[in-house]
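Here come two complexes built around subunit A, the first alongside subunit B, the second alongside subunit C.
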Partner chain A sequence: MHSRFYLSLLLISGLLVISYLGLTAYHAVMPEWKYYQAEYKDLVVKNAKDDATRKRAMAMTLGFKQVYLKDLKREDRCINCHAGVDNPLMEGAKVPFKKHSGNYLVNHPVDKFGCTVCHDGQSFATNEKEAHGKGHETHWDYPILPLKYVQSSCAQCHDFNMLAKNGGEKVAKGEELFREKGCKGCHKIDGVGGDIGKALDGVGNQPIAYFPMKHVIGERTVFNWLKQHFVDPRALVAESAMKVKLAAGEDDLLTTYALSLKSEEMPKKYRRINYANPPKYDGEALYKMYCSACHEDGDKTIYDEVFKRTVPAIKNPSLLRTMNDANMDVIVKEGRAGTQMTAWKSSAAGLSDEQIKEIIGYLALKRPAEQHEPFGLAAFTGDVKHGKEVYEVNCSVCHGKDAKGGENLLGISLRSPVVQKKIDTELLAVTIADGRAGTSMPPFIKDSEVLTKQDVADVVAFIKEFPSAAK
Partner chain B sequence: MRSEDVQEKDEKVSRRDFLTISALATGALALLGIVAGVFRFFKSDASYEEARSFKIGKPENFPVGTFRNIADKKVFIVSDDAGVYAISSVCTHLGCLVYETDTGFQCPCHGSKYNQVGKVISGPAPRGLPWYEITQDVDGSLVVDSSREVPAGTKNRFS
Partner chain C sequence: MNETGQSGISKFTGNLKTLADSFTSSVFRGGKPSSDKARASVIYNNFFMHIQGVKTHINTLRPSYTLGMGLIALFLFLIVVASGIFLMVYYNPSLENAFKTVKNINNVVFGGKVARNVHKWAGEGMIVFLFLHMARVFFTSSYKAGREFNWLIGIVLLILTFALNLTGYLLPWDQLSYWATVIVSNIMMSPKELTDSLGLTKFFDVGTFTTDFVFAGLNPGKESLNRIYLFHVMLLPIVISVFVGIHFWRIRKDGGLTKPEDFSVRNSDIGYVLEPDKTSGIFPTHKTYGLMELAKGKTPAVDKDIENTVMSWPNLLIAELAVLMVTLAGVLIYSYYIDAPLKEMANALIPENPAKAPWYFLGLQELLSYSAFMGGVGLPSAALLGLALIPYLDREQYKVGVWFTDSTGKKIAVESFIISVIVIIGMLVFAVNFGWLRNWFPEIPQLVITLINPGSIWVGFMILWSLFVIKRTGSTRMGAMALFVMFLVSYVILTYFATEMRGPNWGFYWSKSQWPIH
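And now, the complex of A and B:
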């Protein structure tokens, strides 16, 4: 009886194994791409304009294909299904048989470039789902790029001037926006830029796990994250200090540009960028790139909702009259500790001395011809004790009791190293006496006569005492 | 009565035999299938090397009189009255790349000389430069397959 039981067991399991093998064999003989190739063959036969082509099409063999790209470190297998990508007969055919649009393939032949170098997706896969790399289950960080972002790939090899005129308009426009919106005021690229935001080097090919994807709507891809982050940064990253004022469509352009920031360089023989002549920007362009994100156009003092403090108007003629280029040079290079103003010198935020000079030159265009009247502080001896009283009555309302400025106060911190060490006392005295038109700083002598010259000298002495007096 | 007996006995035996035979047969078949499947993995569909056949463009790019050296593919494409043909530019001696001369081809390394159809004229080269098959793809462009040699002198006209 037993032997009968075991025999039946053997029979059933044997049959199961055989049917499983049969299925596997069938799958190996007829993989997904083979159906596409068969359909492609039919299409070419149908579309053939002459007998010779038809004959060649009939003789086509179905078989596994790939483009081996040694330098790009990939084997692209897309052509197994996208078989007509460089066949002019497939101009009007449906996807995946369609010929590639435009004339990109003239200069980028498939056997030299493959497909994934521009479109992303998984180069080794042999079925649609895995090749396109969409969805969490494919475990692929670089899913096929939506066509609206594909131009990000052009910037791997081409410079933006060339792209702006030759089919890379979107990524070139994105790069321009990136400069004009002042993104580098907060973000470093190649070591140059502010430090309020994250450095953006290589952000375009970071893995998905690099981004906080929790609140992304729709599929969790890098491009979706970038786009939604451009639309509403705080929806994705609650503590973000990023400002965005984007017109419709600009989010997509900036996303395209951000995707082009890849950490890996293309092999030399593919690159067409001319590193010998990096673009040079004038003072105005540099101001936009590095300053405008916080100072906007620089004409008005702004209360910044995110920073919870005022951002001074640095193109204000009244300020420029009291400050000479050397004063400004110090502030730009050293920054203002305790505020969001970073040190822009080459060893910190990475601007060259020359670029800083360009920016100051641009700001100085707004400097009035007439100089401020000298205060002549040297003639007075300041009385710190009286200065303290004057301070508490007149200054603490805006600069704070401890003179640190801060949340909801209009005035700047007077304890910052810049005020304490870099700005000379004469300039402080002039500012107090004349005020700063266009900001909340009123004149205390000029027109108003609230204080006497001696009062001002006393307050200046008091302010200069801070580092030792307080704390 | 007798015959019935026999029949019954026969049937019983044959049924058991059938089960035994078929069970063993399926088992063996399944095993065989698995073993065959394992062997399938020794053969790959794709190789990690550059494709030996490559497109060189439309026939109209190779009018009569064309002589082109496609250096990165190591092949000369020539077109004359009789048709287009592809000659390897790899010297058959030790593999240097030959260059074109008035009388044919010349190897810079050990002085092998070939005539215009790639036949050895002098030097250490053991055999002539191979000719490769040229076919036409469905998109109209010519395809050279350097894994398929054709007899020297094979020229084809394409349109």
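And now, the complex of A and C:
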């Protein structure tokens, strides 16, 4: 035989082609899920209690199955392996053939909801590793949720009042904690909340790449990041200003709630939330939600280690006595420029005027009956030049030479628009004269008599001159 | 009508009975060839085979001469087309569906994953084997003796293959393809660096124009998916098929593949050829011309070396069939074990870090990191121009068809290989350790960096070294040899370096495991 070289090449490679085509076809005919289905079939036949069931089980054909969720525009293929998920015979069977626990499937039939709506994972996939989406190499941002966090999915369609009573206790408790721990004091949701932290809209289904995963212990998943950042924020993000005081277990509850904050709304067909009546909170609840993270219970001034400044006691009677509702309204709405106190008006942090009124009403409960002594500023004419001298001697130590406040200075900025325009001068004069009990602001007339009333009037005039004076 | 007395019906039933035979003989006219005449007519009567000669030179059949590289590249193209049509059945080029349909091909379509792998790897294999084919053609001086223009067509085919691969890269619409396409659109924008520094941008912004034309916008998006799909499945395959046709037609017209002048049959050749059938047939072994070998001009086949040819059927065809089968087996086995990558769905808000172009452009991206214009346009243009000019600047017509020409050629090739490896690695080590002009003189004008950067210095070195070789050996062939070896070495080293050793922010890392975690 001649042309041995090419003939043998042809023969060997031809055999290889045939065998690898065969292998490919074999895997196409017998994919991973088919073995599970075969095992499931045996199991049903074995567990069948009567002949009719057994006969039906014997007649079961193995084949590809999927639930097409029309409104979500996605296929859900988990049932290829989790074949017994709604079969009562599979109560005690092992995973993946086990029947779904509880009676969740009564109201959430698999053929309408599929599995990934609640459990996450990759609905396209048809093998275990990719379907569960665990590990970086599956390139899937939403790995299957650990069972302790699954309730986060309930909140996509149900409101928390309903969930608290009907099997969604964890996520409902998480939402309550979220309000009471004052998370919205720093984090915005739907445009409402402070701006020290990141807005939390959609945090529940943000891709993994949005989170700094460097210091996460264990698998790099969003839920692990959330949980660990509730335990020690600065372990994950060194420059975080977040405060946490959580009891054991609360981290998981808050994680569950945070995961429920998804950016994509469920189609209307699925939703059971009544948007017509959003929950209403009273002044105390609102204070907890938006103020307590920094001001805590508001009774005493706190030095904040993270902010490196003092946080004033806003329920302090001396403050409440000096400040009427109108001035408080201005400060809450406009915030304190140069501090962490954000402007809470509806166009900024998003609180409605009504809610702010509720909060001030709640604070005002602590206001003493007796009013502060009126200063009577109108009776004096301020001398700006002398005011400047007084300022430099007495005020600049804390408020800064340029009166801008700032880092390592105890005083607030006196150049902020609030001080300059919104607050009435009488309040300024009273504050200088009487000081602010419970803060670092000492009284300059009361008790000490460092300044005269004329001096105070001069300083007030000087402060008011800032906008027109050159820097 | 009924002259023989046979009834019409019995004629009809007779025809019906012989239907299979008459059909077969209408397709395969002459049946299985049993004589050299019949073997010849198989070739020249068949549409697909007539592009080959009736007789083939034994040198062509020696696997050590061609290594089958060009043929493998062709077969890879055919595999790509076949698997591509299969994928087209399921793929949908729209933002909502592109990624999803690729997932479905991987997960649900019968054999879809392997088909996609085959398509991907065969396509990228085309690039590898085109380079190897080009190297074979170059080192055997096969761009000479009337084949100068075919070398140019080969370069066009190389460019088209790059384009075909690149357009396919975008279609899955995952993170990998999206950010690679962003990089490539940046490369296309890179003439802007030069036009900006020369102040020409306001007259003709060539970078923006080409990017806009190819991607239907300056960033990959909805429209680009559609347009790239059109390029990928229609325009480029048609154009490439036409050029493949011309390429093969010219091989035929140039008298087949090159062969050494002093060719002589060796004993080992018996392994590759079937001896001619001496008892039957019209061709004597010492004939003076072949039916399809009548060609104009001084093509090498006319009147020369006829005794060393054998019948193409079956000698050439069995060789071709074997190469086809080897190619198929290789692609299939590779695809069976190694999956084509598919990352998360494209997200314009999450940049991949590092965002890398497809591997075959990574050498360019490495040069791009020094100067966008030089890496993106200047140097690749210079490289392609240099390759295209080789047959016109080296016109020495001796020792055609001999690997590395002669002992000097071998020496020059080895020497150039060693020198280029040392110089290019040294250059990379220098650039990684000490940075470049921008790091030392932050205020330096961009034009200076555009002109003086590791890439342009390397090209300058290649040119000077080749001129030095020409001067030393007195042979333009040796100069071309030095230049080509250095080109291949730099392509391979730069590609490897940028693939394996460049990490986030294009920083240097010894391996991927050292990359910092985000």
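Everything below uses one rule, namely that the second predicted complex is superposed on the first by the 451 of 471 C-alpha atoms of A that agree within 3 Å, B and C clash if a C-alpha of one lies under 4 Å from a C-alpha of the other, contacts with A are read in each partner's own complex, and residues count from 1 in each chain.
The rule we apply is simple: contacts are C-beta pairs under 8 Å (C-beta built on N, C-alpha and C of every residue); 3 or more make two chains touch, one makes a residue touch a chain.
None of these values were measured; they are calculated from a predicted model.
**Q** Just to be sure I read the superposition right, which of the two partners does A:14 touch: subunit B = first, subunit C = second, or both, or neither?
**A** After superposition on chain A, A:14 lies in contact with both partners, subunit B and subunit C.
**Q** Taking the superposition as given, does A:64 touch the first partner, subunit B, the second, subunit C, both, or neither?
**A** A:64 sits against subunit B and subunit C alike.
**Q** Output check: A:214 vs subunit B and subunit C. Expected answer is one of first, second, both, neither. What do you get?
**A** After superposing on A, A:214 lies in contact with subunit C but is clear of subunit B.
**Q** So, A:125: does it touch subunit B (first), subunit C (second), both, or neither?
**A** Second partner only, subunit C.
**Q** By the touch definition at the top of the document, which applies to A:140: first (subunit B), second (subunit C), both, or neither?
**A** Touch partner of A:140: subunit C, not subunit B.
**Q** Touch test for A:23: subunit B only (first), subunit C only (second), both, or neither?
**A** Touch partner of A:23: subunit C, not subunit B.
**Q** Does subunit B (first) or subunit C (second) touch A:198, or do both, or does neither?
**A** Once the two structures are laid over each other on A, A:198 reaches no partner at all.
**Q** Applying the document's definition of touch, where does A:5 land relative to subunit B and subunit C: first, second, both, or neither?
**A** After superposition on chain A, A:5 lies in contact with subunit C alone.
**Q** Shared contact residues on subunit A, subunit B side and subunit C side combined as an intersection?
**A** In the superposed arrangement, which is not itself an observed complex, subunit A uses residues 4, 7, 10, 13-14, 17, 21, 24-25, 28, 64, 77 for both subunit B and subunit C.
**Q** If we count contacts the way the header does, which residues on subunit B are in touch with subunit A in the complex?
**A** 16, 19-20, 22-27, 29-30, 33-34, 37, 40, 45-51, 54-55, 136-140, 159
**Q** Touching residues of subunit A toward subunit C in the complex: what are they?
**A** 2-7, 9-10, 13-14, 16-17, 20-21, 23-25, 28, 64, 73, 77, 124-127, 130, 139-141, 207, 209-210, 212-214, 220
**Q** Quick check on the complex: what are the subunit A residues that touch subunit B?
**A** Going by the criterion above, the answer is residues 4, 7-8, 10-11, 13-15, 17-18, 21, 24-25, 28, 44, 48, 52-53, 56-57, 60, 64, 66-68, 70, 75, 77, 84, 86-89, 109, 111.
**Q** If you look only at subunit C, which of its residues touch subunit A in the complex?
**A** 63, 96, 100, 103-104, 107-108, 110-111, 114, 174-175, 270-275, 314-315, 318-319, 321-323, 325-326, 328-330, 332-333, 336, 342-344, 347, 350, 516-518
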